[in-house]
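Letters are used for the chains, namely A, B, C and D, taken in the order the chains are written, and counting of residues starts over at 1 for each.
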Amino acid sequence: MLTIGLLGAGRIGQVHARAIASNANSRLAAISDVHAPAAEALAATCGAEVRSSEQIIADPAIDAVLIATPTDTHSPLIEAATAAGKAVLCEKPVDLSLDRALACKAAADSTGRPVMVGFNRRFDPSFAAAKAAFDAGEIGKGELLSITSFDPAPPPLAYIGVSGGLFRDMAIHDFDMASWIMGGVPETVTATASSLVDPAIGEAGDVDTAVIVLRYADGRICVIRNSRRAAYGYDQRLEYLGSEGMLSVENVLENTVRKSTGTGVESAKPEFFFLQRYMRAYEIEWAAFVAAVEGGTPMPATLQDGINALAIAEAATLSAKTGTPVAVTPEMLGQG
Amino acid sequence: MLTIGLLGAGRIGQVHARAIASNANSRLAAISDVHAPAAEALAATCGAEVRSSEQIIADPAIDAVLIATPTDTHSPLIEAATAAGKAVLCEKPVDLSLDRALACKAAADSTGRPVMVGFNRRFDPSFAAAKAAFDAGEIGKGELLSITSFDPAPPPLAYIGVSGGLFRDMAIHDFDMASWIMGGVPETVTATASSLVDPAIGEAGDVDTAVIVLRYADGRICVIRNSRRAAYGYDQRLEYLGSEGMLSVENVLENTVRKSTGTGVESAKPEFFFLQRYMRAYEIEWAAFVAAVEGGTPMPATLQDGINALAIAEAATLSAKTGTPVAVTPEMLGQG
Amino acid sequence: MLTIGLLGAGRIGQVHARAIASNANSRLAAISDVHAPAAEALAATCGAEVRSSEQIIADPAIDAVLIATPTDTHSPLIEAATAAGKAVLCEKPVDLSLDRALACKAAADSTGRPVMVGFNRRFDPSFAAAKAAFDAGEIGKGELLSITSFDPAPPPLAYIGVSGGLFRDMAIHDFDMASWIMGGVPETVTATASSLVDPAIGEAGDVDTAVIVLRYADGRICVIRNSRRAAYGYDQRLEYLGSEGMLSVENVLENTVRKSTGTGVESAKPEFFFLQRYMRAYEIEWAAFVAAVEGGTPMPATLQDGINALAIAEAATLSAKTGTPVAVTPEMLGQG
Amino acid sequence: MLTIGLLGAGRIGQVHARAIASNANSRLAAISDVHAPAAEALAATCGAEVRSSEQIIADPAIDAVLIATPTDTHSPLIEAATAAGKAVLCEKPVDLSLDRALACKAAADSTGRPVMVGFNRRFDPSFAAAKAAFDAGEIGKGELLSITSFDPAPPPLAYIGVSGGLFRDMAIHDFDMASWIMGGVPETVTATASSLVDPAIGEAGDVDTAVIVLRYADGRICVIRNSRRAAYGYDQRLEYLGSEGMLSVENVLENTVRKSTGTGVESAKPEFFFLQRYMRAYEIEWAAFVAAVEGGTPMPATLQDGINALAIAEAATLSAKTGTPVAVTPEMLGQG
């Protein structure tokens, strides 16, 4: 039984609190948040205490911390928590700065404590089943991976400004999905992007619609499609074409009702929001973290995975500006 | 190469004319219709001659006749054509009277000429693939067959009066489908029926909505659902539950477009009309007839099949009135 | 906040315990089970006490009891709990004996306490959405309802013997679904049934495959298909044909992966077991019970609903033996 | 009624012969092929004469010619036929050389005779319905178009050498689809391509797997995925994301059978070959040509459309080599 401290009681912190509670091998003991009422409200429903992040990290009774705070605090909190001997599960991205993330990894590595990065989609039952089928050779040799990732609606403009941009904030999940399925990082990244959804996003220096092409050393190709808006809901799909067939992951629909009338056949939309779509993934992610900590086995998504995704995001950001392919170098991956 | 005479130039006659033309082993030589302009118009597009049915049947150059005339002429034309040595493909039903159909069969049998009944659905690529999969043992032992057959809209009231009623006119296809897949006729038939679509149909003594349950000697069950109206189009489906799984045949849709918006995901309707849905089936049916005549092999749908379907229709008609199960006796099948 | 006592710690009791825990307005205080270790194991994970059913019912601090014990204890426990002033949610069926159920209802009614019967499928998001769409007039006037309900595998033979038979044990859910959607009970019930799945079920006097046709006073028809075995999983579907279209509820699949290869396109099976398929329904059911108790509003599934389903089951059982339609009389519904 | 000469009796010529025969307003009078037996065999089934291309073009009784010969003869035959006053439907591509195609267009334009290029996919009922829905504003403003086009298997290596390469031979259809739906040509083309399917294709200087990104002046993006091999059949799909939703076109399946067993749910594959998938499109294409010639209305796919697609192919071929975006200039489109 692991005793857990949760740093951050916002939307995603609440999701994690539920996952911790649903797991028979973990107990949520303490919650911190810079906004005290948020911590108090969540603590009340969980039977946990409210403390500061510092208190939680300093408490020897806490086995592991889950970091669900704003991105700019991730690196220092990972460093502090691992230095204090905690196991850590940190939300993505590790940092908006690749250099800072590399420094964080060096510091955490020196403590020997395990750190997992919250790439929740790896734990979605459908994505996981597709990956397992591919690894079992069910479509032969992989050739062309396609990832679709459209949000239902853009975030508030204020968030756009601090998000690090579409590639670091939103596509980062897709870059990890690509690395996870392809089994490594690409040689080059070519991004084509526009601001089509909302001109204000473009004025803020970001894009909202993008196609990113990753090319691997062995010639395999991955294409990622991103949009900040899909009127019909959260669109999260994947196709992997191989020498003997194709694996696809379709959306999860809100229900299974179908209405047939003189004007057509109408079905439900995809689940509108990531919390509905990935609720089960967050529970499985947490169970995987608990099992790895308790079993002393490797984390199923490491700090290096976080850095890999960030390096691809950096390359994509540059490519979208220059229009040319950008290499992902060993230096960017901390392996120079 | 078979030389063909077509009796009847109405809607279904035109469908058959196209099938005859598309077949490299048959040539449409002559067309008859009591309504001369219909015969002339069709003949013009086919390069065929207009003659009377009697002339066609008497012509020694004609190898086979296709009977697509009104139902009450089927039996006498089958008898005349076989007596004249023709092979015959006759539209369903053989007759509205089971006794008359039995007499027709006796007469035709005595000539030794082959007669096929136009149960076109046996030749639909999807129904045929499902039947083949079942016969290959892909779902183990059969247990429960379900047939859905809804027309897009009821026929004109005038037709209802001469149709023989829903069971003989519309469900007859489903009775044949059941016999074809189940490999024989049921012991008992229980029909529950109402007039819900149009009160005028009820006033005309017919029903428009029915559920018919067939029970076989070995305990297997078949349930047929019929309606004269489905606002979304022609609904033609099948499910066969077996000991090791289920085979289903879904509808054919008008196109493969899908529109996802904030209100749902909209697909196309099923093909609205039987001519679109079964166009390919009519071509394959005709090719099967030609091949059987030329090869001297058994007809893929015989007069006995027509009688079997008619006997079930008779039992269903009675059951719908009495509310009790009605047996299908050997006498009804001409095997008493 | 309602304080709850749970009677029965078996499989379904455990499902309910989780639903009670997930609800912010209910607290599980005590659990009973004739098999003490079961009660203790469940109580340990819930922070509840183990007591006897009598103690729970006698405790004035308990607001409501959830009855998840064997069927033959349902009626006496409903009577005792309502007499003690509790609100009650009781698993289906109320009783295997219609007379006993009617007596139970009379007793419970005299206390004025609310009793809900656990027809969980009413709370499945897809079935509920279909019912709401129908009630909103989206397919016009209802005509033909079809319910498919196949279990993945038959229960142990020992259970068959005490189950009350397929109609009272399994189809009871479908009878309630029919009454719920059709807005009342049918005039007549006609059942056709066989033992095809396992001869031992037939030797035990039960059937395992059935088609039940319900006919309503206004001519509408409902057809229910039941099997104790579907090799591909729990098959739970519905179609309602109306004057302006059709509403269907499809199965929920295990995941959304699709594999396309040279041999075909393969998708996941339906959720195999009722706990997976209806997990969410049990939570919503419990929330509906809590809301109705706290708000003093009518129960969303009443003892009368339980009796209606039982009366249809009784008629179906008789019809399957006699082969003829059996009427559902006012006397059977306790309204004679 | 148009009298037609068909140049080329190979596979695609045979498809067109059938379309011509099925059209009530056209009559196939003459067929040419450098391989005489091919012309004779086809002519025999059509009741047409065998002649040389020169004879056909010189015959004043011929109203229109359909050019279905090898690509390197397209330009001279278009020029000769239009100079002789014929209307022309020519298979794609116009030429492998953009310069030659531009010269051909200038020559044909000077005759004033109408020339249509055979972009058959514009006439596929599903693609046409999606385009119509978009043009009707059903998904708002267009943002991101995705085209999937995978062949079932690569062509013979000998053909690869003379094909002009994947972009001119295979992607040309997708480039036209993009121009047709987007309403114009892109500013830049970025292609990423590999030889993964068969190393011999790479050794022959071609690629077999490609992702092509088109960027339009208004920021809209189109991404095209190509592979020479999909083990499950011919994969032809489209998705267009707009401000208010998405339109998708799915594959057409071989049949509508579904088999559910303990190992999963299996459906049919997509139609394996382009002739099955686009059979109906070829008939509609021909009808559109005949209607435009008879009505004197604009061709629904012009020589300029053929040049636009060729210019994009040229840019893609260059981009795949250099790795950088390549502009599509007015000069390339003959509009410099």
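Here, a contact is a pair of C-beta atoms (placed from the backbone, for glycine too) under 8 Å apart; a residue touches a chain by one contact, two chains touch by 3 or more.
Here is each chain with its UniProt name: A, B, C, D = Inositol 2-dehydrogenase.
Owing to the predicted nature of the structure, the values given are computational and were not obtained by experimental measurement.
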Which chains does chain C (Inositol 2-dehydrogenase) share as contact partners with chain D (Inositol 2-dehydrogenase)?
A, B
Among all other chains, pick the one whose mean CA position is farthest from the mean CA position of chain D (Inositol 2-dehydrogenase).
C
State, to the nearest whole Å, the distance from the C-alpha centre of chain A (Inositol 2-dehydrogenase) to the C-alpha centre of chain C (Inositol 2-dehydrogenase).
40
Chain A (Inositol 2-dehydrogenase), residues touching no fewer than two other chains
139, 230-232, 244-246, 260-262, 268
Footprint of chain B (Inositol 2-dehydrogenase) on chain D (Inositol 2-dehydrogenase) - complex, ascending
24, 45, 125-126, 129-130, 133, 138-139, 244-252, 254-262, 268
For chain C (Inositol 2-dehydrogenase), which residues count as touching chain D (Inositol 2-dehydrogenase) in their complex?
230-233, 253, 260-270
Which chain B (Inositol 2-dehydrogenase) residues qualify as touching chain C (Inositol 2-dehydrogenase) in the complex?
139-141, 143-144, 146, 150, 188, 190, 192-197, 209-211, 213, 215, 219-221, 223, 225, 227, 229-232, 235, 241-246, 323-325
